[in-house]
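As structure tokens, here come the structures.
The following pair of complexes shares a single chain, chain A, combined with chain B in the former and chain C in the latter.
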Partner chain A sequence: MDIRIQKSEFLRGLRLAQNIADRKSTMPMLANVLLRASGKNELLVAATDLNISLSAELGSQNESEGGLTLGAKALYDIVASMPDDEVHLARRENNWAEIRAGKVRYRLAGMPDRDFPQVPTTDDVSFSQVSAKTLREMIDKTLFSVCSDETRFHLNGVFFESDGKTACMVSTDGHRLSKIERSLEAPALSAGIIIPKKGVAEIKRSLDGGGDACELAVQTPAQHQTPHFYLRTGTITLAVKLIESEFPPYDQVIPKENKRRATIDRGIFLDALKRAQLMSSETRGVKLALEDEKVEVAGDNPDVGEVHEELPAACEGGKLAIGFNPKYVVDLLSHMDAEQVHVELGDELDPCLIRPAEDPSYLGVVMPMRI
Partner chain B sequence: MGPRVSADEHREDPADSAGAIEVLPPEMIDQIAAGEVVERPASVVKELVENALDAGATHITVDVEEGGKRLIRVLDNGRGMSAKEAELSLRRHATSKLRSIDDLFSLSTMGFRGEALPSIAAVSNLAMITRRRDATAATRLAVQAGAIAERREVGAPVGTQIEVADLLHNVPARQKFLKGEATEASHITEAVSRLAMAHPEVHFRLRHGSRTSIDAPRAKDGLERAKKLLGARAGADLHAVEGYEQGVRVRAYLASPARAQTTARGVQLFVGRRWVRDRSLLHAVVMGYGELVPKGRYPVAVVFVDAPGERVDVNVHPQKLEVRFSDQRAVCAAVRHAVSRAVSRAPWVEGALDVGAGSLRMEPAGGGARASEMAARYAEARASALGPADRPAQGERRGLSEVAFPVAPRGEQVGPSPAEGGAPNRGVIGAGGRGGAERGRVARAPGFTPASDPVPERDHRPAENWARVTGDVASDESDTGDVPAASIDARAGEASISATGPMPASSAGFAFSDLTYLGQLERTYLVCEAAGELVLLDQHAAHERVVFERLRERYQDRKIPAQALLFPRELDLEAGERASLAEHADTLAGLGFDMDLTDEAASLRAYPADLREHELEKALSELAGDLADRGGSRAVEERSDRAIATIACHGSVRAGDQLTDGEVDALLAALDETPRRTHCPHGRPVLLRISVAEIARRFGRT
Partner chain C sequence: MAAPPPKTIAHVDLDAFYASVEQREDPSLCGRPVVVGGSERRGVVAAASYEARAFGVRSAMPTAEAKRRCPRAVFLPPRMERYAEYSQRFFAVLDRFAPRVESLSLDEAFLDVTGEERLFGTGRDIAEAIARETREEIGLAASVGVAPSKFVAKIASDIEKPEGRVIVEPSRVQDFLSPLPTSRLWGAGPAVQKRLRERGLRTIGDVARCADETLVALLGPGLGRHFAALSRGLDEREVEPDSEPISIGHEETFNADVTSHEELGPILLRQADRVAARLRRQDRRARTVVVKLKYTDFELKTRRATFTDGTADGRRIGRAAAELAGGLSLSPRRRARLAGVAVSTLEPRHGPHQLSFDEASRQRGERLGDALDQIEAKFGERAVGRAAYAGDKRRR
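Take a look at the complex of A and B:
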């Protein structure tokens, strides 16, 4: 194996690969990237942590074909520090790599490419082209409420549904939930899939680099394959192994007909909650009191002090006092971009629905705290 | 008069006595009766001293030889007896103290049966010299094998002296059950000490051969006496409390929970002026201390209970070591409440906190043996880790932090990968990337001064060394051993040491929020600096205490915040656990749980917001145990306290959790507002203080 490649082209693959390569694994090979030169102009860069795999097809000039694996982080740092635009990489005896640019020459110990785990292939899945921007927005607005308690793996991801025209993403940690629907021409799915949190974060990272076009594909469990979600941006493909579990029946807990509704300026509400947070804690909660023309936000903490604030609001359905973990409401409001939000409430122990006034297809549900 | 008649004519040939009913000879009757009262030398001492107390003595001297097996002599300056009274006193059921059965409930005397002297006389060689104030001469009586062998007038001071020699010599079967001299001697010391505890106005002296074991001059009150008898250490932080509830008066001298022992011996219970053993009262005291005393340990406490005479029956035990209350519950509640009220004010806490800068004693604040063990381990670790490193130059913070937090390489840690190309990790607080962060924090800490900053000269005092400290604390354990005699002696010795020793320098309030936080050690201990000392906090213990107190307060107001769940959560609990939880649904609801419990499943709709969600199952299965009503012996409040402690435990930061500066600041501020803040709810200490003087000493600078 002996190749020449543009530094920027090489980095395009290595940057993503070194994120995925898993240095903490007990399998040392997973800390490496796979480099495989084939034909005259193709270099495959691949990395995997066995759950998320990346393969980038890069353009190169190959003197000779062949493959090798090298430490992902080290290789990225070396290439990024090279003075010249063109990088020359060649395999030497005993899996040593010689990496040169200009007058700089590195030798890096590698491992043979045949020991690298098989990266999922995309041969028998069909990709659909979707808007990267929309996909990104959907991720942004749901990723924050994924459960991070690893023992509850069915909640450790974003639930994704698609009928071919509209896609929906939902996430919940058992206390709050966020749900977004957008028109997206993703492959139609007969059932929803759960994409693990870390995979969603990598998908987001891949989308950050590419343009507005991306393709996605889903290998569902029904097809007797390890189910995967695939994202292709240009010549880079990300394969995320799905969580094979049952997502809770989220639709049942989204209140449909809440009797009370307060319409509040989102920015003012958010700032008030953040102020109340200073006098509260996740274990103490803040109180909201709905009056006719206003909502009162109050927090008190015997160790610190207390706070009261009145916000102008249009309230319907009668008075109510209710408590929340302020973090949950703050998280939700910060992921909305509307000017006004509707806060829809039942009684003090019923789930509360928050949605942007102008966007009926994004919503959050927060369970109250009895305080 | 010879009270005993020869019993020979009652004896029959043993060959044809098998199975036949026969009347016991009076001599044997006496010996059997004696068995009830005279169990061992200490019981003789107890009876004789009680008689002296009943006679109004103000000075009582007890001398014993060979653990009392050879000789017991009790000398008092009480009212004495006439010759006639002296003879009568040796007759069974002859007493000057009880005239009608009702008197039993309004007794002001220790004795009332008229049984002690004859019982003792039946199994020993007893000699009595006694003189009334109005008599010109004293009477001497000598009894041998139950019969009066000598009777004459002698010259002697007012009062009574009784000598009991060769105890049980005529009952070899029982003599052989006596223990070694040291053990019997220790029982005697214990017996005298208990009597002295309840009679502070009397001067007590006890000598084992030529060795004085107790010398307690008349004290001005019970506290002074208790301090004297408990010795300098446990006595020093004794705190007097009083309580009155439903006609029951409680007076107690409580030692710091740090003195907790593995046996119940340190809990001395008195009803009236009688030492008693009583499991429920003991339990009430332990409960009063609550979680400050860890499971399986007992506090050091002296508790006097006074209930109206008609509510106490003292005549239930041959040696009067037990009493019966007509209203056991009320008495226990009074004790529990008095103790717990006092404990919650934690009077000794401030004392522990006020061990000032540069004070001599490195007080591992509490925890008894565990704390001392910790201190010892800590000292060892420091000693080996610090090595000969000299003090870093002032301002050399980075260097200092590395010296200050050395960490032994852990086996499973993966070294920095060569690919990372970084400098080898110097073992600064754990491994991996954390070192840098911690270093940054040390450098950032406001007001940080390297430990080499000059310590004010006045703080330089000769410091005790670790061995002394640990030996010191460890000797607490010997209190629980079988040789109180030795330990009382040792305490007496120590009293003089610490009386002349310097007292803690500062008595100004110690505030956690005044500490300068330096960093986290092993993600377990918070390393802080205060004026002139290094303070280590156990982050879990500290936070647990804060959460516990907050929860307990809110529980009382039924205001524990509960987080509701979107989806009811099925919990994996055993049938027994579900049953126990179902039985205490009310308590659980008060604690913030909302759950459905059936025979098959447990499903949760809301839980206390303080609880860490991923520890829900574990916490609930522990709660099932906490709430279980083990035979009704536990009070409801004790069970709810245990439950709250469990929630606090599963709602607090753990050892291993990385804390941000903000979290540490909040924790320190909250500690200042928290009662009982020196110990976690399970009784482990929250803080360990090491004076700079001590550190200097260890560097050979003093």
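Take a look at the complex of A and C:
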């Protein structure tokens, strides 16, 4: 194996690969990237942690074919630091790689490519072209509320549903939930799928680099394959193994009718909550008191001090005092774009619905704190 | 510099605690050698009655060895929950004698009784009163030592066991300590004793007469000064009242190794239920669950997870423990000899807390726990159990 490749082209693949490569695994091979040169002009860069796999087909000038695996992080750092535009990489005896650019010459110990795990193939899946921008927005607006408690693995991902025209993403950690619907011509699915959190983050990362077009495909469990979500941006393909579990019936926790509603300026509300957050702790939330034309935000932490603030708001349905973990509300409001938000409430122990005034297809639900 | 006013510290130690509880609960055992401990295969003696000690049975001795020394002893498995109840009542008695009580274990405590003489009389009066009330209220014998420091008080309670009452006045401390062997010095293990012996220092008095520099040269500056001070009865340690517990756990060593997760699940659930019951008794919830497995090669593995919200529901703790244990290997080739469930990050059960979407079912879990607690309080620990326990062949 002996290749020449543009530094920027090489980094396009290595940047994503080094995120996926798993340095903490008990299998040392998973910390490596696979490099395989075939034909005159093709270099495959692949990485996997056995749950998320990346394969990037990059353009190169190949003197000779062949493959090798190298430490993903080290290779990325080396290539990124090279002074010249063109990088020359060749395999030497005992799986050593020689990497040169200009007058710089590195030697890096590698491992044989035959031991690298099989990366999922996409030969028998059909891709649909979708808007990368919309997909990114949907991920952005739901990823933050995924559960990170690993004992509740069915919540450790984003739930994705699609009828071929509209797609829906939902995530929850048991205390709060976010849900977004958008027009997206994704493949129609008979049932929703759960895409694990880390996979969703990698999908987002690979969307960051590309243009507005991407393709996605889903292999569901029914097809007797390991179920995967595939994303293709240009010549880079990401395969994410799905969480095979049941997502809870989330619709049940979205309140349908609420006695009370406050309409508040999102920016003012967000800033006030961030200020109140300074006087709250993990076990002590902030208190919202709804009155006719105002909402009072208050926080008190016996170890620190207290804060009070009044915001103008249009409230219907009567007075209410209710406690929240401010982080949950801040997270939601930060992911909304609207100027005004509706905060819909029942009683002080009922779930609270928050939605942008102009966008009925995005919403968040937050359970209050008992204070 | 004026010397601080002398303190009065009592050390109270229940005599042969576990064995005495068993004798009290079953009068037919009184006067007979009783050994509480693990199974013959790999257990050790946790406690031996004085009748059994006469045969040379000691704590921490392998059960098999104890059986050889005293074949006619009654061997009983430990019942920690029962002992914990006695312990609670024991500490309730102690709390009446001093505002500062420091527990060392279930059956042993320091009390700072400085100034309590006005209320209870002399040191001897206090010692007698503590022992008498312990006997009357929980039916167990205690040994009490009273002295100006923790170090001397602890020796004093031990030296005339059982039912010892040893009072060491401040002026008599040196006379009391001097004839004792150096092994009585707090922190003097075999290595230190050997070094002292090589210097011809056999008693605490020998050490007390030694110049500080000699001890420092012999044992290093830290240990040298430590033993120089102790040998003269100088021990400034305060009685530290107990802080809130930071974790609660339940673990057991199995008679037969566990070889699969199917087998382990019900065991963890039962342990989690014990832990949850203790949480509820203390009116707390826990946010962190820790599971622990010890393999037959004694390798210890632990896994932990923290919830956003606390729980006192055994089922939830047990499920999390089983989930965590799922990440640890277990097979006929990799067998566990011990498993345990513990919780930490404790918070008040009825304090402010984050509500969940499945709040109703969570509260059902805790209410079920409350109901189980009441049944057990009335009819005993074995009166009721989950159907899932049926999968646990180790349940006694």
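Following the convention adopted for this analysis, the second predicted complex is superposed on the first by the 371 of 371 C-alpha atoms of A that agree within 3 Å, B and C clash if a C-alpha of one lies under 4 Å from a C-alpha of the other, contacts with A are read in each partner's own complex, and residues count from 1 in each chain.
The working rule: contacts are C-beta pairs under 8 Å (C-beta built on N, C-alpha and C of every residue); 3 or more make two chains touch, one makes a residue touch a chain.
Bear in mind that the values here come from a model prediction, so they are computed numbers and not experimental data.
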| item | value |
| --- | --- |
| Room on chain A for both chain B and chain C (clash or fit) | clash |
| First (chain B), second (chain C), both or neither touched by A:V79 | neither |
| Touching partner for A:R23 - first (chain B), second (chain C), both, neither | first |
| First (chain B), second (chain C), both or neither touched by A:G71 | first |
| Contacts of A:N325 with chain B and chain C, given as first, second, both or neither | both |
| Per-residue touch tally on chain A - higher for chain B or for chain C | B |
| Chain B clash site on chain C (candidates 19-27, 37-45, 73-81 or 109-117) | 109-117 |
| Chain B and chain C contact sites that coincide on chain A, given as residue numbers | 149, 151, 172, 174-175, 177, 248, 253, 283-285, 323, 325, 349, 351, 365, 367-371 |
| Footprint of chain C on chain A - complex, ascending | 149-151, 172-175, 177, 248, 253, 283-285, 323, 325, 349, 351, 365, 367-371 |
| Chain A to chain B touching residues, read off their complex | 23, 31, 71, 73-74, 77, 149, 151-152, 172, 174-177, 248-250, 253, 282-285, 302-304, 323, 325, 349, 351, 365, 367-371 |
| Complex interface listing, chain C residues touching chain A | 289, 305-309, 319-320, 323-324, 347, 351-359 |
| For the chain B and chain A complex, residues of the former touching the latter | 417, 419-421, 550, 559, 561-567, 569, 592, 606, 609-610, 613-614, 651, 666, 669-670, 673 |
